[in-house]
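First chain written, first letter: the chains are A, B and C, and each begins at residue 1.
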Amino acid sequence: MSIEQLYRTRAKELLSSGEVKMVIGYGAGSNKERRRPLFITSAEECDKLVLDSACISNLSGYLLTEGLLSDEKRVAVFLRPEGVRALNVLAAEAQLDTAQIVIIGFDSPKGELKALEGSSVEEFTALITALKEITPETAGEEQLAKIEKMSPEERFLFWQEEFSKCIKCYACRQACPMCYCRRCIVDSNQPQWVNTSSHTLGNFEWNIVRAFHLSGRCVECGNCDRACPVNIPLRLINRKMAEEVLNSFNHFAGTSKTQEPVLASFKKDDSETFIL
Amino acid sequence: MTKILFADKLDSCVERWRSAGMTVIGPVQRTNSSMYDAVKSASELDLNLVLADRSIKELFFPQSEPMLRYNITKSEINTSEFLPPSGPRIIFGARACDASGLAIDDPLFGWDYKDEYWFQRRNESVIVTIACTKADEFCMCTSLKLAPDSTKGSDILLRPLENNKGWQVEELTDRGREAFKKVADLLQEGSDPAAATVSVPEKFDADACAEWLKNPENFNSHFWKEISLRCIGCGSCTYLCPTCHCFDIQDEGGSFEGIRRKNWDSCSFALFTMHTSGHNPRSTQSARWRQRIMHKFNYFPGKFSANSCSGCGRCTRECPVDMGITETLQEISKLSQ
Amino acid sequence: MTENNSNAAQNIYKPAIMKIVNRHDEAPGVRTLRLEFQDPLDHELFKATYRTGMFGLYGVYGEGESTFCVASPETRNEYIECTFRESGRVTSALARADIGDLVTFRGPYGNRFPLEEFYGKNLLFIAGGIALPPTRSVIWSCLDQREKFGKVTIVYGARTVADLVYKHELEEWMQRDDVELVLAVDPGGESPDWKHRVGFVPTVLEEAAPSAENCVAILCGPPIMIKFTLISLKKLGFEESNVYTTLENRMKCGLGKCGRCNVGSIYVCKEGPVFTAAEVSRMPAADL
């Protein structure tokens, strides 16, 4: 049986037994490369579920849809390892109770689909801990190294050019499972912390503010990067920040649901290289 | 015999237009993203794109436009105005959907109160559209009663030659004729046949959709919630849309000096309609998606006799969750059968 | 982008400069400002176009603009009065402004109350809380040409006694023989010396039971009050086409372009803000 078949059956069982009220998975998209989020509430619809290596987006953000989890019923969700990490971060930040989430795990290293064992976040701890040791395999690695070699002026110009494209559609924010604020700082106007205009200053403000808000929280699922309609390589910023946080605080976001938020906790042996 | 502009003469044309004081603009590749932008030579143009990632509207309605500068002293307020850049422009290599989009928005920017930021640019721009010989699966102009060679909003229509060596020139307006008079000696009379325009299959029945949308019963249909469940509420579809025209007005600066700007805004955002009291007439994402579809295919045509959609397909092409107008109208077509 | 000080092309987004000549605290957080045009040309244009019911965008540079009605009547167009509750960024800035300070006004925009259609008719004004200002503009327009109208009844309710706005004018209307004023506060909102009604507007209205005969009702209030008052008016025999109200929505341009004030197909800024209840009932309720 293919993994897709296996998981359709699993979804059917979960729904017909009443164990979950909804399965969030992937359905066919408007072409072969595209898969779209699908919300299934009855066993009959489970055959619409699609699972292959094109199922890339991190669906965990939908769990925070207003009212979805407030009835304390359970929801199953198709997740890659980054998605499970996202669940841990959201739980650590008290946004959801992982007991309400049934994970249907999968991954596709090198394009080959594989099922992941386990249905609760705890069962993924070993897998996630192992991920921490692996240099993430991202297309941005090479580009990141190039940027690292740049002088600060060159680097500034690089980002200036990238950010000049930003149209402030906030697709990065909306696609991000970590951007769950009821009112984003850019939408607050008393005071107006961040300029709403998408001129150079406003674009820098927005992208830098977001980078800092995601430091130590980003699980590098790539949702923002893929969502950006003008293709700003946002993953590079998040990769860099994740690296900094890992090197400075040995913190890898989303290893457990009780992990302390790195920028909101203090340890006596925290490195203080930036304080004179 | 028809007038022909051979591709090897395009650079001379660009030079000629530029030396006549015109800004030449066209589809270009920027870092990982394509858009319409000013060029110095024809070699910068990318005329092989199906469609630039970003629409033509930003040349007329920029994402952030300074309107007024204020300067406040103890006894007076001095306001100076920013006027849109004046001077003739020629936009070479527009697509029919983009050009049509501009014509669709003209009545909106003009009804009763004339928005000079839009019209000054409109009046000084010559739009040279190239008929499409290729399309992708997201193109849907034909579903909106437009075509890859629609002339709506264009001043010149160019039809690519079969041999790919140039374009047949169709002059549509005086403004177009005027601009091409400047390069008359670079054009040739010829009988080279034009390539067939691409066939874009019809994806939905726009008339049937309009009827369905007009029926008040369907306003409260479950359909709206189901079709928009996965919408994440970003503004990418509206910002890339050649006809979406909503904007915000924002002051930037301090209490004594600053700039008032007109910035793009989107009906997808929850804050768009939120009252200060906290009451929000369109409080859910499904209500906001319904508004977008209703506005484009019911309200707008009721006021301005045209759908507020020219079928470019950018909404679906760039949607992070693979939604878009096509899917919604396809589903409505099914419901209205 | 060129910067220009001349008025070569008319910029529809450029506001008029206004001086605050008076201010008055109406209720906790609610203030009235009287504004005078600084440029006589702006004033002439206003006088030529302003009719009761129209609205404007009041602004403070550096903060932005906010939409509310012109609370002064067309019969008193030497100045503009606006009454607002301090709640957002712009209204807070307006509340900080002092007499002599300069603010901005863009408008008047929108449609108006068809006053000449009201000639010879009895008028019933019903308002709740902070919605008296748009009603007050119509009230004064009619009282300033009192002979043209029949009986005038005003039913006004607020949450508490302190929340009643235009207290001095309420007093004046109370004294007049040609106006019947019914005042009410919500149960629990009365003060020990409160001599008027206690109850919600719809109930008080039904008790007052004005005749629907040859009568036009002008109704302004929060959505919940409008909803229940319409039911009461129906009971009293009022036709929806004889009930007028004003709608408010968030606006940025006021000119039919920025796209946010739509209720169904209606652009409130251009086709409103004044509508009959019959027109409102044809709008999609979910959009209100």
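As a convention for this text, a contact is a pair of C-beta atoms (placed from the backbone, for glycine too) under 8 Å apart; a residue touches a chain by one contact, two chains touch by 3 or more.
Everything quoted here is computed from the prediction, not taken from an experiment.
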Centroid-based (C-alpha) most distant chain relative to chain C: A
Pair of chains whose C-beta contact count is the highest in the structure: B-C
Computed distance of Cα centres, chain C from chain A, in Å: 48
Distance between chain centroids, defined by C-alpha means - chain A, chain B (Å): 32
Cα-centroid distance, chain B relative to chain C, in whole angstrom: 38
Residue numbers of chain B (touch at least two other chains): 248, 250
Chain C, residues touching no fewer than two other chains: 88
Sequence positions of chain A contacting 2 or more other chains: none
Complex interface listing, chain A residues touching chain B: 29-31, 34-39, 57, 61-62, 161-162, 165, 167-171, 173-175, 187, 195-199, 202, 223, 226-227, 229-231, 233
Complex contacts: residues of chain A adjacent to chain C: 189-190, 192
Sites on chain B touched by chain A in the complex: 30-33, 53-54, 63-64, 137-138, 229-230, 232-236, 238-240, 248, 250, 252, 261, 263-264, 266, 269, 271, 316, 318, 320-324, 326-327
Complex interface listing, chain C residues touching chain B: 1-5, 7-14, 17, 61-66, 87-88, 91, 102, 104, 223, 248-250, 252-253, 255-260, 262-265, 267, 270, 284, 286-288
Of chain B, residues touching chain C in the complex: 66-70, 72, 76-77, 79-86, 108-109, 111-116, 120, 216, 219-220, 245-251, 253-256, 258, 260, 262, 265, 267, 272-277, 279, 281-282, 287, 291, 294-295, 298-299, 302-303
